[in-house]
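What follows is a single structure, and I will ask about it in a moment.
Read from first to last, the chains carry the letters A, B, C and D; within each, the first residue is number 1.
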Amino acid sequence: MAFVEPSPTARLLLSCPDQKGLVARVADFVWQLDCNIVHADQHTDAEAGVFFQRVEFSLGAMNDKRAELEDRFAALAQTCSMTWRLSFSDEVPKVAIFVSRYGHCLYDLLARWRAGQLACDVVAVVSNWPDHADTAGHFGVAYHEIPVTDGTRATQERTILKLLAEQQVDLVILARYMQVLGEDFVDTFRNRIINIHHSFLPAFKGGRPYARAHERGVKLIGATAHYATEDLDEGPIIEQGVTAVSHRDSVEDLVLKGRDLETAVLARAVRFHLAARVLVYGHKTVVFD
Amino acid sequence: MAFVEPSPTARLLLSCPDQKGLVARVADFVWQLDCNIVHADQHTDAEAGVFFQRVEFSLGAMNDKRAELEDRFAALAQTCSMTWRLSFSDEVPKVAIFVSRYGHCLYDLLARWRAGQLACDVVAVVSNWPDHADTAGHFGVAYHEIPVTDGTRATQERTILKLLAEQQVDLVILARYMQVLGEDFVDTFRNRIINIHHSFLPAFKGGRPYARAHERGVKLIGATAHYATEDLDEGPIIEQGVTAVSHRDSVEDLVLKGRDLETAVLARAVRFHLAARVLVYGHKTVVFD
Amino acid sequence: MAFVEPSPTARLLLSCPDQKGLVARVADFVWQLDCNIVHADQHTDAEAGVFFQRVEFSLGAMNDKRAELEDRFAALAQTCSMTWRLSFSDEVPKVAIFVSRYGHCLYDLLARWRAGQLACDVVAVVSNWPDHADTAGHFGVAYHEIPVTDGTRATQERTILKLLAEQQVDLVILARYMQVLGEDFVDTFRNRIINIHHSFLPAFKGGRPYARAHERGVKLIGATAHYATEDLDEGPIIEQGVTAVSHRDSVEDLVLKGRDLETAVLARAVRFHLAARVLVYGHKTVVFD
Amino acid sequence: MAFVEPSPTARLLLSCPDQKGLVARVADFVWQLDCNIVHADQHTDAEAGVFFQRVEFSLGAMNDKRAELEDRFAALAQTCSMTWRLSFSDEVPKVAIFVSRYGHCLYDLLARWRAGQLACDVVAVVSNWPDHADTAGHFGVAYHEIPVTDGTRATQERTILKLLAEQQVDLVILARYMQVLGEDFVDTFRNRIINIHHSFLPAFKGGRPYARAHERGVKLIGATAHYATEDLDEGPIIEQGVTAVSHRDSVEDLVLKGRDLETAVLARAVRFHLAARVLVYGHKTVVFD
């Protein structure tokens, strides 16, 4: 059920202090390898003096010399003080989806995955409830019910971390998982936990956003996909969306309309991440779309 | 330059405690007058037990008996404890537009007005700056430059209120007017002052919303048109809009993109108000669109 | 798995030659029954002189006298030459979903249905391919594989019609069903077959719309949900949506982006139909939303 | 009233047969000049085997050696069989706006221009009607009323071409100009005439698109900005937009809603063109946004 890419490409995500000739040096590096750039995008934050780039190139003969490729780039990176990450389109990341009671995002992700639209392997569904075992089973994914109470939080989190380590999970998706994650967890999966918040952040941070949006009488509701950090609802935003509402909509209607929004926004954010299109800097993201 | 409606209609906006037969009684009232309902829309807030309705009907022979019409409806309204407002499509409201330095909303409103798209008479442009006198002149509207300083605020506000009274102004539009209005002012024009806030409220309440949106790294920016109240940025929301932004956008880009949004959202809100489509209750609105 | 409405309401959809007092007469009819109107919406096509209305009212004591209710309204309807349809919110329509190879709309509809978002009973999935039997099984719906070839079309269509009759199907959803339906079929389910076309009709009528959109270099692609008629792609439009594309998108990318659009647009159209919000007249629709 | 860019940049738009090392060669060229790339974007049409690129770089010391810059790039371009265009951000293009009776797009463009949002000089308004002379005058732009009848078309077009040549016009904007342009005209301003069509092309090509959209009962209407070619409504599309409509909207309502759409879509297309972001190939565009 894994996603198959036509021919493998390398994706380079990098950032460094801005200086002249960066584009040329990276492009030249690729050319010297006799590889072909298929996409290149860059951005300079003039204020902060930081250069960001995403370069995707077909591997050609370097396909079998990935370690060498990595070593050679490391040398270049050092001379420019780059922070960088190299990934390959045929290395399929392993994903765990966390869910509580609302199953719409889980369902949507699994259906997209089965339809070949998500370039990953979903290896586990983790939940503090038993509700979605049947769904996970239908898609052939192992379901781990791990209930959490205030007293057991730390222990359970260690259990989950152990599970994720065993499964070599690369990315955690919080698909309406209603538990706060501890610092250890966030630290282990820094910039590798995508959460969907059911509001247009920073509006309605915290709990019950639909009820509060209804109370305020807004004419649009939103959803926000972001990397989870220690500060709840303050992580780097990857993607946002909104939809129109009116006085006719009850809180329940907002919840219903919000579901479609949450699934769409989360799926777009996950796709960006899996395609190695997201760079985090500070508490913001650069999304090369 | 006034807007001309094909044939006059009456617009009834009402709210009252919910009870059976309200639609029938109002419809029957119109029928007994031998008038014809051309639009009717209603809403019940089940939780609060409040009924809201907008009925628009062609006047026919009642065109010459508007006072009688009003008296007869007052009688019905009393039996149902209705709050209500009756207006006529050919009674063109008088409008004053307030502006500070940014002229885009002023320009847009005046251009729409000249193009016959706003059913009102713009009788005054009020500003604490001289910048837009030329523009007002081009559209044939009197320009009142009334500078405001901390010491002169109360006096100047009285000057403005006097001016608006003389001009019989029905609606005040704050088209990026960067001065806070006092309680007296707000009270005099309760639910008749439309402000455009350059953020997706309640996100980025207060000053410098674009700078703060940039700082937070949001992927959408918004604009909100609302009735001004004593609580800054807390008034009943009439209309909202958003537009996509990315890491490429500087604060200046957000300001530029925001301009188009602000003009569009404000113009929609003003049109709703002028067409008697907005009912305020509590700190929310019902917009019959 | 059926959808449960809090307390039953009647939904009246009607159209007739425009005349004074129609709103009053219908509202009075409801009042005389001691029922309470919870929603009422109307529209007059001034040019054609036709009046359209949707009235939803709580049944109260009339809940047990539905036949009487229907008879009494029939009498009123006759005096006004009304075309009308009465339905009840607790009468759950039976639905058959038709699908060929692309399963995304089928999946989405079944997931929404299971989540309680579609007020219907899905009683059959019909396909000319075996691909989605497993999915239907997961949701507990019978799967009918009925292959169609040019020579067998008429026979197979009769087989399907017989099946739908046995299952008492009220609504047929063509969820990317790539077979043309014959006149008999369309006639039997007049205004009860919803098709999703993968273009923004009337642009790119006919086959391969994404390839043709790519060829033309459009900057937006669309999807259209409409009632199926004898004239392919010419049926009354219920709902449309669009999404942005660019020169970067290959035909395959358009297909992928189009999927999300198709599922969203089809689901909205189906919800409008199930809530008795759609009136067809001529080759257009009135959607009371 | 001209637009002022902070510090001048060069913008290179190029296309050529795809081959390895193109990004490197162009980036290296810029580096050798001791210039700094501030934006670079590229696209490869894999099917057609064509490479497209937009590179923007700050000029630094090359600011005073633009001819040399151009010569040196010409040499590189020849070795790669490139089609290319070099422009500088401080070379303000001269623009003529053509208009017939509907003035909303003209108004919007002039207001944006005055607000410093359009990097051009508007040097002429051309019209076959006298209606907008006053508006042009308000913005200090010469107004040329040049009526066109079937018999005078060829002569008048020559008159206009002469005028544009005298004014050294770089770009013609057809802001709802309702006259067909001859082959000579189109040829002279190949890919330098931007037209706004009031439909979502290719739907409703030709005349009366709003009336036909109303007749068809669509739920969205659109607008399309494209380069004018000999084939009416078939030119390369630069930008498109849509807005929702319903059964409530008369043809007049569509026209009114369409105005906002037309102004917004046309303004975006003009901004893309002025920023040297649009490459035409075949009958399509690459828009580097």
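Assume a residue touches a chain if its C-beta (ideal position, glycine included) is under 8 Å from a C-beta of that chain, and two chains touch if they have at least 3 such contacts.
The model shown is predicted, which means the values in this text are computed figures rather than measured ones.
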If you fit chain C onto chain D using only Cα atoms, how far does it have to rotate, to the nearest 5°?
180
At the chain B/chain C interface, shared numbers over all numbers used: above half (same) or below half (different)?
same
Considering only mean CA positions as chain centres, point out the chain farthest from chain A.
B
Report the inter-centroid distance (CA atoms only) between chain C and chain D in whole Å.
42
When the centre of a chain is set as the mean of its C-alpha atoms, what distance in Å lies between chain A and chain C?
36
Considering chain A alone, which of its residues make contact with at least two other chains?
none
Contact residues on chain B for chain C in the complex?
20-25, 27-28, 30-31, 34-42, 44
Chain B contacts chain A in the complex at 43, 45-47, 52, 200-204, 216-220, 222, 236-242, 246-248, 250, 283-287, 289
Touching chain C in the complex: which residues of chain A?
103-104, 107-108, 111, 115, 117, 138, 256, 259-260, 264, 267
